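Two complexes come next, and they have one chain in common, chain A, joined by chain B in the first and chain C in the second.
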Partner chain A sequence: MDWTISITDILKEVTTMTDTPITNTAGKSRISERVKHPFRVIMEKEISDHVSGWRFIILAAIIALTCLGALYTALTNISQAVKPNDPEGTFFFLKLFTVSDGTMPSFMVFISFLGPLLGIGLGFDAINSEHNRGTLSRILSQPIHRDYIINAKFTAAIAVISVMLMSLCLMVMGAGLTMLGIPPTAEEFVRMVLFILLGILYVAFWLNLAILFSVLFRQPATAALSAIAVWLFFTVFYPLIVSLITKSIEPPATATPSQLVAFEQFRLALLRVMPNQLFSEATTTLLMPSVRSLGPLTMEQLIGALPGPLPLGQSLLLVWPHVTGLAAGTIISFVISYVLFMRREIRPR
Partner chain B sequence: MAGSIIELTGLTRRYGQFTAVDNLSLTVDKGEIFGLLGPNGAGKSTTILMILGLTEPDAGTVRVCGLDPTTEPVEVKKRVGYLPEEVGFYDDMSGLDNLVYTACLNGIPQAEAGEKAKRLLERVGLADDSHKKAGKYSRGMRQRLGLADVLIKDPEVIILDEPTLGIDPAGVKEFLNLIVELSREHKITVLFSSHHLHQVQMVCDRVGLFVGGKLLACGDVQSLASQLFGKSPYTIEAGLDLPGSHSGDSAANQLLGDIMESIMHIDGVSDIRKENLMIRVACNRDLTGEIAAVVISSGAQLKSLNKREYGLDDIYYRYFEGGDNND
Partner chain C sequence: MSPLKKLTAIFFILSCGIIAGVNAIAAETDSILLYTPFTKISVPPGESIDYTIDVINNGTELEKLDLSVTNLPRGWNYTLKSGAWNVRQVAVLPGEKKSLSLRVEVPFQVNKGNYRIYLVAGEGHTLPLTVNISEQGTYRTEFTTRQANMEGHAGSSFNYSADLQNRTAEAQTYALRGEVPRGWTITFRANGKQVTSVDVEANSTVNVTIEIKPAEQVEEGTYAIPVRAVSGSSSGELKLEAVITGTYRIELSTPSGLLSSDIVAGRGKKIDLVVKNTGTSILSDVQLTHAAPANWEVTFEPKKIESILAGRQENVTVTISADKKAIPGDYVTNLEARTPETSSKASFRMSVKTPMLWGWIGVLIIAAGIAAIWYLFRKYGRR
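Here is the complex of A and B:
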């Protein structure tokens, strides 16, 4: 309980701190500067709700603990991971995020697995709980635009998630730095930042899906279950369905190379419907610079190629479609929930 | 006098086949307390949502403070405070914090918001509970907090949708008095929706009767009564005691008949009925004195004399009877 107070106090302190120089330069607008924009008011409240709520603390603790585990396996196995003549030898530091001994998944895999849970956890009761508490009609009868609520909820959750993922990754980096004694190169650092941004985008996708369900369903439990059902479908059932389909149309061994390529591309296209597939392909490319292609390669293309890491620009180029796909999914679910929310009639309870 | 502040013309709202509000036209004047009276599902809440711009009308126009809520909802909501039927607060925040949050949403600076919230909490009698979590408030306290919440933006109009639902009688009385006082103090127009006749009668200057999405009648309680009970707005009940009436004496019955006969001849009496020793006279003006004189001069004893004026109750039931007959 004191926790809540301290956080709102901190927020207050921060606002007064940032406000002071402005009021000093323009003495006249002292009062008007103190007036917060309603959007900011809602966002601050949402952030303090998230941060002080048990739900976020539990989710953050789960993710932090699993990441510690991943970091531990990475640190114990990193000596075996580096082989002589490894093209990725120069990207030693990135191995922290990708190495595992098989018993425990790597940091990268953990984020792709727990990120959806974080997004769903912060979004599934965004709108419906306000409605059930009867606060929605009261807030909407204040002089604010209706979309402030849904926008502020989204922005607040994204802000909280970004801060959390960012600090987690920086902590992993810091721990790696002290344990290994090798600083990351500039390119490694940029790749890691890009990885974090990608992770935020990925969580944002699931957050928006959860917000969509929170607009659709009156009961928070229904919304949470539906979002988790979508997540389970994509992680467990969809790959099964894809393998069933591909098995039935698999070309024979005597097929022409063009047939094989077409088949492989079809299989990948089916798999890439999954947001988690997009995310894991994109992170793999970013964190393992030796990955040169995400589709099939012919012998022709490989002949004469020197095994070496791709430059950052080329890796980015490779994942660009994936990023676009994820962003599109995020935007589509946000737009649907936005439209539904704006057109809904808000009745008190 | 001061002009109208809410004007509804030809307002219609349909939900599929069902017409919730049907061609409603209504004007509320500045500074008055207007009661929207009707049974559940009469379209009161829908009308209120349209006034606030939370629902769009299918036909007709709404003007609030000269503004159209469908196109300028924010401007309207700056001037109109709305207390929904079941007002919800953030249960994990204190009453004071809830008010400050609303104040900040209304663009009141933080420091001023705190001051104002404290003042209002004191005004509605929640000063001692201001730091208690809103989740621990009782129903009556929540409604009073709701009233403070509505007033924090200094509204020109407040709309109360069934605000007394679920409060005990003492609490209701207190709450209604608070509304009247605040409305007079700050010259606020109040739109009060309820299906409780007595509450509406207690506080409202004018009443609109609302049934099936239509406004059946509109005016103050007196004029509604005269519209309905045009011929005989007064009922006078006289309790008699006749000599020998307990033994079923025929002379007593004869006397009673005579009394009724002579009352019937008084100018202005339209109907007379008897129930044992009680006679009920319907008349178009106050004839209490004349009736008493007749009874006493006949030799019977007058045990009680009671003048009944029509309340909203009678008006209400009369309308529903009438509504049923018309169908």
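Here is the complex of A and C:
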């Protein structure tokens, strides 16, 4: 098969699809002798669309500005945050991500709040807009595998998000390094990297959910609204429902400790259906090494316990269920959207 | 009557007359009478005696009398006073009397016995006074204690109470010094303060407390500690005795000295311990006890050690089992080796780790998800 010809054809299609002039990438690939894999071509095109599009710029600007605000409050309050005999005293640098004076949420909270918006924003029109413009069938008429489209859309969006989150975190680290003059230790650095990876996983979940809606609904607006509805449901309404349920079955103060523990575990299990709950618990554990448990504790478990930071492996083991849950949610929504997309009949208009 | 008899009678009469005449002269000159009530006084060396002496004029004329004390042994002093003045001569009107006070100072260095001194007034008027020195006099310092021997174990301190008595004529400044073995400490206290020298007035006593602390690594035995109080002209010595009984010391540790360990929640961990007798006596009945977090199990093997000789050690294995519900992180477990005499505690920092089981299950779930995607890729992807 003559790959060069087919690629240039795809590129033509892609450029017409997005109504933008032929980019440098296209020119280069035409000149260069190396043949690119079609998946990569679609992905690069998607990335360039995202990066140059207003939507991403606005979303990134919102997140960057709020995170800068959070960084500022953290830097002004970090001197009060370190107390003598603090078991986290050796993890000074991590406080950049968690400290706040109450007027402005910390960096960690902002990521958990605005991350979903970023994922939804980049994913809600992934398939349906192509469909509506009739470009989908034209791409598919090219000799490429059909799943390259949905895979490349997902990969491109996640790559953009990863770069953005990574650079934001590195910016925070750099600013902290400049202002504090204390370099992070190796463990702190690894914890920060894990925090970024967790953030990417979290945003990937919302991205996949948005892609799922973009496959389900023909109208991008419907997809966007339903994705935001899910997000709002989990951030606002679900906690209210949980508190309603738990209030109705709350055991009396005279209940036995085992009953209280069981109730608390039930309440936490309900809350942990929320992806943002999973994310905030996991990031808290990673960024505050003194967190030793995420569930209810009995006094028996605390007798003889010494306050101290957990080793990284143990912190990771503690949040491993959360990571698994987030990864499972991501995979499930991806699988559903994949299957739906692959089974769909796509006809040219 | 024989002439011899006559002679004898005449001699008798004459001698009687002479005696009567002599007596008459004495009575005439004894118009001055020196009087004091206590003419024989017994004192220890270093004391002074105050006499009150009345000079009585029984005559009809005014008497002027020079006063002096004679036969005073060497080193003794006297002063004769009336009121505030030293008196050398006294004049007494007829039929009146004058009171004088005589102070005789007995030195410290004086032999035991009777001494007779005379107060002489004018010519021929003397008052003999006898001073009895009750004991052999000295000129020295006395440093004494009622209890020179004390017993205690190595960790205790020995407090001796001693009296420093200055039995010289002058005030003395005594430097206090004790000869203790190396590593021991000795401190002197006088008047509630820690001192190295002490001032003692002549013929007075100062109480000195001597505190002796044995060296840390002292061996059993009796230690003689000479203590001296030395001034420029005199010194006193005291021999103290400290009897050190055996010391009881025990040490609980691990062979490497490391007192931390990892433990997986719900599982046990064996740790080797060493019980050392670092004292100087034999330790018997060493009990091993523990204070662990709730629901933790600690068992020693053996549970009890019969005896450990001085300087020896015994190995013990302890098995610590963490609670199943223990949260990850550090817990403290206290182990203790105890005898009635002494004890030693070792605080173990146990880092609890959670079992990896759930971690692997999470990995499996994610792997299953990825496998599902892979399956879908194979099934649908390559159309």
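The rule is short, and it goes like this: the second predicted complex is superposed on the first by the 315 of 349 C-alpha atoms of A that agree within 3 Å, B and C clash if a C-alpha of one lies under 4 Å from a C-alpha of the other, contacts with A are read in each partner's own complex, and residues count from 1 in each chain.
To be clear about the criterion, contacts are C-beta pairs under 8 Å (C-beta built on N, C-alpha and C of every residue); 3 or more make two chains touch, one makes a residue touch a chain.
Since the model is a prediction, treat every value here as computed from it, not as a measurement.
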{"item": "Partners on chain A (chain B, chain C) - clash or fit", "value": "fit"}
{"item": "Contacts of A:314 with chain B and chain C, given as first, second, both or neither", "value": "second"}
{"item": "Touching partner for A:142 - first (chain B), second (chain C), both, neither", "value": "first"}
{"item": "Which of chain B and chain C A:78 touches, first, second, both or neither", "value": "neither"}
{"item": "Which of chain B and chain C A:197 touches, first, second, both or neither", "value": "neither"}
{"item": "Partner chain in contact with A:331 - chain B first, chain C second, else both or neither", "value": "second"}
{"item": "Partner chain(s) touched by A:41 [first = chain B, second = chain C, both, neither]", "value": "first"}
{"item": "Touching partner for A:262 - first (chain B), second (chain C), both, neither", "value": "neither"}
{"item": "First, second, both or neither for A:323, with chain B first and chain C second", "value": "second"}
{"item": "Partner chain in contact with A:340 - chain B first, chain C second, else both or neither", "value": "neither"}
{"item": "Overlay on shared chain A, then closest C-alpha pair between chain B and chain C (Å)", "value": "5"}
{"item": "Shared chain A contacts, counted only where both chain B and chain C touch the same residue", "value": "145-146"}
{"item": "Touching residues on chain A, where the partner in the complex is chain B", "value": "4, 12, 31, 34-36, 38, 41-42, 45, 133-146, 345-349"}
{"item": "Chain C-facing residues of chain A, complex", "value": "145-147, 292-293, 297-301, 303-306, 308, 310-311, 313-314, 317-318, 320-321, 323-324, 327-328, 331-332, 334-335, 338-339, 342-343"}
{"item": "Complex contacts: residues of chain C adjacent to chain A", "value": "292-296, 323, 325-333, 349, 351, 353-354, 356, 358-359, 362-363, 365-366, 369-370, 372-373, 376-377, 380-383"}
{"item": "Complex interface listing, chain B residues touching chain A", "value": "45, 49, 52, 54-55, 73-75, 77-78, 80-82, 84-92, 101-102, 104-111, 146, 149, 153, 161"}
